[in-house]
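Once you've had a glance at the structure underneath, I'll fire off some questions.
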Amino acid sequence: MWLALAWRNLWRNSRRTLITVAALGLGVLAITFLHTYRESVYGQLLDNVTSGALGHLQIHAAGWQKNPELERVIADPAAAEAAVRKSLPGAKIAPRVLGYGLAGSGEQSTGAAVFGLDPSREQADLRFVTIAKGKHLSAAGQREALVGIDLAEQLGVGVGGEIVLVGAAVDGSVANDRYTVVGLADAGSGELNGSGVFLHLADAQAFFGLGAGVHQLVVRLAGGGEDVSRPTAQLQAQLSNAELEVLSWDKIVPELKATMTEKRKAQAALAYVLFALVGLGVLNAMTMATLERTRELGVLASLGTRPRQLLGMILLEGLLQGALGVAVGAALTVATVYAVGDISLEAFAKQDMLGIRFPSTIHLALHWGGLLQALQVALWTALVGSLLPAWRAARMKPAEATRSY
Amino acid sequence: MAVVQVSQVVKEYHDRGSAPVVALRGVDLTVEAGEFMALAGPSGSGKTTLLNLIGALDSPSQGQVRIDGRDLAGLSPVQLADLRRDRIGFVFQSYNLVPVLTAAENAEYVLQLRGVPKAERRKIVAEVFAALGIGELMDARPPQMSGGQQQRVAVARAIVAAPAVVLADEPTANLDQASGRALIERMHQLNHERGITFVFSTHDPMVLEQAERVVHLVDGKIASDVRKGGA
Amino acid sequence: MLLRLGWRNLWRNRRRTLINLASAGLGLALVVFYGGLLGGIVADAKQELDDAALGHVEIAAKGWHARRLLATSLQNPDELLKKLPLPADAEVSARVVVRALASSAHGAQGVLLHGVDPAAERKVAAYLRDVRQGRELDPADDRGVVVGDGLAERLSLSVGSKLRLTAQQADGEVGADVFRVRGIFHSIAPAIGKGHVIMTQSAARKLAGLPAVVHQVVVQLADANQADAVAAAVVQAAGAGVEAPTWGELLPILKSMDGLIGLIQWLIGVFVNVVVGLGILNTMLMSVLERTHELGVLQALGTRPRGVVALIAAESFWIATLAVALGLGLALPLVAWGEQHVLLDFSQAMGEGMEIGGTSLRMAFHTRLSIGGALQSAALVYAMTLAAGLWPAWRVSRLPPATALRSV
């Protein structure tokens, strides 16, 4: 009964209701669209990060992340890998080595980050580099190297050329060797492309004198999302080795996680301000709607309607408008997302943020979390906007009300 | 000279969702300059409709309305507005002063529409207010005034611009007997002294008594048209 | 009279008007404040260049920016600098740039050596003015280096530590030498803190086996807009062997962000105004509806249809004027205050600087007052309220006066 009454009351001034609903709907559109855009970007960023340099999780020798010294190796990577397989079925694992050296081409030399990786384990959705030119490293170590595309340009080497690496081995002796450049690598960030040399894991281990030791076991989870705290804990429990550390991506690049968190907070704040503005509109509309029905509300009151029931009826009108606004906003969002499709960010193409390549095209994918947020905010807005007029109407004495007009 | 000529006028109202209502069924009426004329008749007889047509507020379904010999048919909304501004004054039953303007500003508004300079506006308004005995009300706001006072301000507003005809729709209906009588006497005095033409609708016997010509409308037709001698 | 009438009509329903003013005013305040904040993030290119030790114009031998070869250098730098037409108030620093491997007992790291005149360099590199341990580099000290805190941590260096630097020389030989850390600086950009090593020009030349050349002359201008003109003049004066790219070419993201932020402010402004405008439209419809009879009276008195529209537009005008006063009154002092103070500080959560496109944005945000942007947003408020008033006004002005008079 009340619902039907409130619903019909809404359409007594359909134009006003439609305008209010439109305002609410636009507010909802803004919130859900921004949410969709933001989460689409984060989704892509996260996918780039976890499928490339970082993975979802990494295992290191304790303290390596903070201080990546050459001698801090995982001495028994096979045991650690077994632990990963046991606790996280379906996960992919890539062992890597990281050291520094001077890379020279005869003409020019520069400091380089020297990575060792196993080409057979760097595939599909877990691969450090993509080959921009030439081919990938051979399956066994044959003194081949991939060079970051920008570094190759600086050194003036191409596919088929040769580079000399000079560095210090783990025992302090000078390491020095020649490698054939078989390919140019895109490692997904300007920093790595400008400084990275990628060797076969075995070659890198030999160069730095590491034996079977590796620095990182990079883990890509089968169904990993943003929050990987549970698999991290599971793996930690399984490893139970104080000499190893297990870090999730958000501990490895805390700035990225922080950026995502702060942006979400900032947009939530924007949502509240926006809806405060919409709420003022609702307040005005509902005030008008109750004022012009003062007499009628008086009649309802004199028929024995309790003040609380009047209050409820008007609040219900507000809520219904809020619900309609959400429906309209959701429809607009879906339409906008499909109409916009992909957003090209040419300005940011090949630019890094926090050392991570910013996607140059954003594929919008609907994220309903934003709608949930908008639903809450819109309903509260409609409710709070109706509260004052509803309270005034409920508190009115019937005799006073029927006197008006 | 005929200020108003109404010939063969029919007016039907088509309100949505109800049968058409015929308010006037063929009316012929001529008002000469300087007349002090009353339209009488029961409610629903078409008095207000006829006044609206004469006042260029509405257009007839059939027939012709002329003001100063000018046919209203075919005039644009802007031309009609200008005609009302220049030739017609209105007094309404419920005064209809603009509540946010002072009494003097209500009257000045009409002059301002005509582009009369400010100083002159003040002078004209002060003079008219004095003539109507409401000189002390110039700065009052309508809500602070009594009905009789408001209606005098309305009359002042209707005549400041020296219109060809003042149309008054039931001007005394909301007033008590004494105020109503005083108002009509003022209007009659203006009619005498300044030759302003008045047409008012009424069913107040006191007003009919003062009128020099009484036209009776019944069911949208003129039933009688009586001129009193003298004055 | 029209404006006076509009003003008085505005206050016939005080609460309604106040709510409208609040929503339009707060909306404007939001837009202007947000614009100020966005502007603050990127507006100060000088600050960003200073943080990253980059120039508005960077002069080098032709081809140097592409490959940064040791051999691609500027000969006779002192004479060259004398003949270049640089503004008197520009900050200029000439550098010898060498890539090297820095190593200590605790590890090795690829670094960029800047051989500089310390007095000139500290003016273009904010981090050299922030030496937190030890002291700044002495111009005559060819055995000393200043390193960043990131590198110091990575290689366990402290003031007085030995640092071994290895670099390939111009002739292909490998040169290596040991230096003493004199000072440790702090940079908001972790990459600089980890990767820049500062020494004197002569020390860098000696390590890399170079004659008296420099690779790069960094020029920071007082007015960033002059960059293109200065760069063109430099190329003309120095001849074909010299290139002088500007910051807009070297860091396109800084420039494109400028445009992007303008666009974002515009879009937000339009959006907020549409949402606020719908609320105002509702009340204007209502207030016109309530006064239909009165507007009929005005028409009866001879007001033209356009006059009725103008009357309602006058009301819109006042709403906009008051809302603009309120909105700018709220936002401008806040934005102006934020130019001097930190309004939003993300540095706790996100680190002092966020690396983006080769520069670092400071994460403790100041705002940037843009009167033009504020006025543009204010104009939107006028457009919005006028639009919200026009529709109801147009509707009522088309009503025959007799119909308007009949409405109660």
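Going in written order, the chains are labelled A, B and C, and every chain counts its residues from 1.
Everything below uses one rule, namely that a residue touches a chain if its C-beta (ideal position, glycine included) is under 8 Å from a C-beta of that chain, and two chains touch if they have at least 3 such contacts.
This one's a predicted model, so the numbers in the text were calculated from it and none came from an experiment.
J.: Work out per-chain C-alpha centres and flag the one nearest the whole-protein C-alpha centre.
T.: Central chain is C.
J.: Where is the C-beta contact count highest, in terms of which two chains?
T.: Looking at every pair of chains, the most contacts join A-C.
J.: What is the distance, in whole Å, between the centres of subunit B and subunit C, each centre taken as the mean of its C-alpha atoms?
T.: Distance between chain centres, rounded to whole Å: 68 Å.
J.: Using mean CA coordinates as chain centres, what's the gap between subunit A and subunit B in Å?
T.: Distance between chain centres: 74 Å.
J.: Where the centres are mean C-alpha positions, what is the separation of subunit A from subunit C, in Å?
T.: 25
J.: Could you pull out which subunit B residues touch subunit C in their complex?
T.: 52, 55, 57-59, 77-78, 81-86, 88, 90, 92, 96, 98-101, 105, 108-110, 112-114, 157
J.: Any idea which subunit C residues touch subunit A in the complex?
T.: Where subunit C meets subunit A, its residues are 15-16, 19-20, 22-23, 26-27, 30, 34, 66-70, 99-103, 106-111, 153-154, 166-168, 172, 174, 191, 252-253, 256-257, 259-260, 271-272, 274-276, 278-283, 285-286, 346, 349-351, 354-358.
J.: Of all residues in subunit A, which touch subunit C in the complex?
T.: 15-16, 19-20, 22-23, 26-27, 30, 67-70, 99-102, 104, 106-113, 153-154, 156, 166-168, 190-191, 195, 255, 258-259, 261-262, 270, 273-274, 276-278, 280-285, 287-288, 347-348, 351-355
J.: Quick one: in the complex, what on subunit C touches subunit B?
T.: On the subunit C side, the touching residues are 1, 5, 8-9, 12, 293-294, 296-307, 400-403, 405.
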